[in-house]
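The chains carry the letters A, B, C and D, assigned in the order they are written, with residues numbered from 1 in each.
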Amino acid sequence: MIKAGIIGATGYAGGELVRILTGHKDVEIKWYGSRSYIDQKYAGVYQNMFRIVEDICKDDNLKELAEQVDVIFTATPQGFLASVLDEEILAKVKVVDLSADYRIKDVSIYEKWYGIEHKSPQFIKEAVYGLCEINREAVKGARLVANPGCYPTCSTLSVYPLLKEGLIDPSTIIIDAKSGTSGAGRGAKVANLYCEVNENIKAYGVANHRHTPEIEEQLSYAAGEPVLLNFTPHLVPMNRGILITAYASLKEVAQADGSFALPTKEQVRATYEKYYAKEKFVRVLEDGVCPETKWVEGSNFVDVNFKIDPRTKRIIMMGAMDNLVKGAAGQAVQNMNLMFGLPESEGLELVPMFP
Amino acid sequence: MIKAGIIGATGYAGGELVRILTGHKDVEIKWYGSRSYIDQKYAGVYQNMFRIVEDICKDDNLKELAEQVDVIFTATPQGFLASVLDEEILAKVKVVDLSADYRIKDVSIYEKWYGIEHKSPQFIKEAVYGLCEINREAVKGARLVANPGCYPTCSTLSVYPLLKEGLIDPSTIIIDAKSGTSGAGRGAKVANLYCEVNENIKAYGVANHRHTPEIEEQLSYAAGEPVLLNFTPHLVPMNRGILITAYASLKEVAQADGSFALPTKEQVRATYEKYYAKEKFVRVLEDGVCPETKWVEGSNFVDVNFKIDPRTKRIIMMGAMDNLVKGAAGQAVQNMNLMFGLPESEGLELVPMFP
Amino acid sequence: MIKAGIIGATGYAGGELVRILTGHKDVEIKWYGSRSYIDQKYAGVYQNMFRIVEDICKDDNLKELAEQVDVIFTATPQGFLASVLDEEILAKVKVVDLSADYRIKDVSIYEKWYGIEHKSPQFIKEAVYGLCEINREAVKGARLVANPGCYPTCSTLSVYPLLKEGLIDPSTIIIDAKSGTSGAGRGAKVANLYCEVNENIKAYGVANHRHTPEIEEQLSYAAGEPVLLNFTPHLVPMNRGILITAYASLKEVAQADGSFALPTKEQVRATYEKYYAKEKFVRVLEDGVCPETKWVEGSNFVDVNFKIDPRTKRIIMMGAMDNLVKGAAGQAVQNMNLMFGLPESEGLELVPMFP
Amino acid sequence: MIKAGIIGATGYAGGELVRILTGHKDVEIKWYGSRSYIDQKYAGVYQNMFRIVEDICKDDNLKELAEQVDVIFTATPQGFLASVLDEEILAKVKVVDLSADYRIKDVSIYEKWYGIEHKSPQFIKEAVYGLCEINREAVKGARLVANPGCYPTCSTLSVYPLLKEGLIDPSTIIIDAKSGTSGAGRGAKVANLYCEVNENIKAYGVANHRHTPEIEEQLSYAAGEPVLLNFTPHLVPMNRGILITAYASLKEVAQADGSFALPTKEQVRATYEKYYAKEKFVRVLEDGVCPETKWVEGSNFVDVNFKIDPRTKRIIMMGAMDNLVKGAAGQAVQNMNLMFGLPESEGLELVPMFP
């Protein structure tokens, strides 16, 4: 039985970790860390857990926690883990960090976009970016996994194969993203009140959202060259779900007869299948079916599909997932499974709930 | 492995049966019946099931189905099962009926409230009303289970103990109920369109909703006398969830010193605990906590609690559950588990999803 | 041109006052009071008012304000107005108070339910309870109007005629109310976050909501005797709207032939019409039509209707209105119109918006 | 008093026309056409209009209607007006067509994208595309106005000035649009049921939505060359509102010193102001404020703003409006005002409702 500790257990991502790990047959949660609710019953904060979780919330003492558990999940504000992590901790436990602290390899980019000093840059190189479908082997051997951001997970998985195989022009990528409100967290802010979000849609973080460099870094690896792109998130009146709609110009590719032409629908589909046919959690939808967030709610799936526009020679790539599952807690558990040699989908056989 | 067939697999309750049975380790769905989608892929109707269910929808031939499966779930319009059920079928398979056909023992009441003739009244007596917490032993031996209605499940479980133990006056019961829109089904009606339901609340079926006699019958058993009550459902702009708020006048009961007085909070709580302390799926919340539908979403729980108003000598009883789970598919599976001698909660260890 | 000042202009009720008064041809808003946003542009807080309102938010100095305007609206927390109002102010301006400070005639009841000391009880007797349809003449001559609470407005108007005319038993009244989330105000609280309210319904303030004694007082006037009742509010995932579902036992009344019998549907309807046939803002719906909050959204209407249950001899009374309009700002303007001798519906000819 | 007839008065756009015209002091609705509800009370279909509209729904006889009114609004399915319009009608009444029949000048494009034969192409040339801010003078003299589509209104107004002034590259335009569900109409379809739309977002009509050629035609006029673009609409779980997020590459423009450089924020803003500073219904928001649909709900405003991304040299243009008002009925009334020489904003001084 793997003993797990969660720091930030009363945020939405932390709560989802509890939901998923509660159903994971090889894991036992030993520590519900929540600075805001120390000494209060966890089920008093999240009544859905009444009679399921009997524990009390504890503080966020990583050193003590490292003595007691095998793996620590940190669902904490940016900068927290970087400020407390040290070699002593990493020598004792594996860490899956749901914050952005170790996602970006170039610390100057992190510090610029996040506006804070990174307190433990020495671990950045070691940290594995935990996008399992792409970095599976590296994750297996990692002590420290940087769990990807919600938008970057959905964006990268939707675009990666086409970029990697040279079907699209890296300089033309535009990602228009839409997220449910749980992505904004559980902080008590006027902007997140029911009446402010309901019956409303807006863009935010236009041209400066922090997930931009994270997506760019991952797509740069795929393209083999630096990628700059536009990423625009929108706040949607729903609890869960991220949909991304990505645009890029198609590149002419070599055809069977040696000529060059825009890739056909079949070629694009084959490219996606090359990467995802064996992936449990990425579903390439059938021709003509647009991903909908509702079809993946509560599950660890990412649904992807595409449409070619021959008029403009662009391709529209679409991806949908549950931001709290594949976009946070589910992917964190998927990483944990890999790190501990468990079946990758253990505890993640979550059937999407509809309606 | 129990082989199951579902008639009405593409309605919302049918879809939820598929979701739950897909995760049930002892059951295999062999028949996805859906008159509207015959020969179409089930996952084409419910894309959440893409790559999870590969089957094609079939018609609703009960005779053929009885040859192939061990249990049939009918999530069908009122009158359907009554018109096709016969001894030959019941001799071969167990049936869990999610419609109202066999819920009401007095056929004349059924025919009056539902406005249709009952075509097989000979099975009414045999049918067991599948409210597991109350009729557990009878369900275990049943061939035919009448799965309770959504409102009756939540209403009965919230009121039953106090009525049974004589703490409330049966002539004073008023049940004000609120339901999410999945309870209205998947039929294409203007009244159920997004724009008609969203940002709106209304009562419907006032003083004539069909679940009224079903609730009255069950509560009559508890009271040991005929019960007439008011039941008013309301349509709430949300997908899932039923909340009932029930009112009744408290009766004076014998106290320790031999005098008579209104029951105290502790006495009421003890009464609920007497019935539910060992029940897995009924959670009596802690003092002062009002049930919320969100805390049970996706799970088989019913959360109940109460508040005494000493000013009016009434008690307010509250219950919340997911109408598609404990109010339909979950309870149907709970009944199936009992009928087949499986652990009652098999496949139903569903952790509520929040948010 | 009447000069108006608003204290609490950036709350939801205050914002609605601005929306309505902006379209009122005889009123000019001279003071946007908002302690939280002093010196900030009002349209920066409420961008819907961009290019409509150019003013800056000011503090809540009533003395200074009394010099500059003809009428003050206070949409402020309980206790605020009571702590600053004095004869000097009332001698200069008319005041419409949207808080509860002067609604309840018995100061001990106010202090008990609100848990605060009343700082100016000397004005309670003078204050007129501004339920225009019932206290119209008194409002016309008032200096100080206590604008009714949202729940009390809808509850009282739905029940008043039947109680006044002796058709229902005052000891049997139960009011089950449902409100949109704007009623919870614009304070940044976790409980009012989008993800906590959405896809959820719950009761709150069970048996102790502060609007209970206000409703009881008004209905006591109708009954001619003290009324105690149960009032249970629920939070509904929508922005605006209140629906109340009220229950009471019918009393036998004298019939044309001298006998006594339960009132007929026609008699009940005639009773409602007696009070409301000439009322612009109370619409008694046609037989069989249940009020829906969406049908009154954005308007000053209250829609009422009823259903008799001959089985239980109870009547179900229903009322729907927009909590921010007839339940707050609209009624405040209606009161102002009466106080200044304007047509009662001036500025309130708001057509409900659907969908 | 202008006498108006509405064909299609019981759809959502038709209902909004009724709401707006009811408050228009110079217009009287004489004909509520609704083939589905002939001889039924209009207020029985839309209860919000109870006691406001007393009329009965009539059929869609344009010839008879032309005898009785001064202006006809057609909020009808594509192809209807084209199949019945003739010179005799146009000689008698002015027509504002809310369908797409006369929006596109090239009939072959209309027939290709809409998949129907155009039955009266002879009126296409005469018809004025009623985007008032751009074609104001032509509208004034028109007999037949083609009221723009919802997406084209918001898209065109957001992009037009920058394209017209040569600040952006016409070949790089991508429009990602999001719409509330009222845009899908009031037809009883499963896809528009509450439970299918709620808690969900999806793209639809990807690369083939019918509004694409309409937007392209209008932007081609601005660019002075043919424009092809990508337009992707999304369905958002809310009743009203359209938000468009448009992307384009900036072009270098001549600077004060004679050099060429990308336009600055100030230059872009000045360009928007050049076109919209005097426009009542287009609000160019302040620097840094992103348009939100909620801020324009119920009003005739379009809010626009932009953000330059110096990293990618693209500009993100944003626009928000109420799809039923400026995107349909409001703009139709604005056109009518122009056609009849009334003040352009008569009846349209609608203050946005928040929340």
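In this text, a residue touches a chain if its C-beta (ideal position, glycine included) is under 8 Å from a C-beta of that chain, and two chains touch if they have at least 3 such contacts.
Source: prediction; values computed, not measured.
Minimum number of contact steps separating subunit B from subunit C: 1.
When chain centres are set by their Cα atoms, the one at the greatest distance from subunit C is A.
Distance between subunit B and subunit D, defined via averaged C-alpha coordinates, is recorded as 47 Å.
Mean C-alpha position of subunit C lies 37 Å from that of subunit D. Residue positions 12, 182, 195-196, 198-199, 237-240, 292, 294, 297, 355 of subunit D are each in touch with at least two other chains.
Those residues of subunit D that touch subunit B in the complex are listed here as 12, 181-182, 186, 188-190, 192-199, 237-239.
The touching residues of subunit C, when paired with subunit D in their complex, are 12, 15, 19, 22-23, 46-52, 182, 199, 239-240, 283, 285-286, 289, 292, 294-299, 303, 349, 351-355.
Remark: subunit A residues 174, 176, 178, 180, 195-196, 198-204, 206-207, 228-230, 232, 234, 236-241, 243, 245, 247, 290-294, 297, 307-309, 311-312, 314, 316, 318, 320, 355 touch subunit D in the complex.
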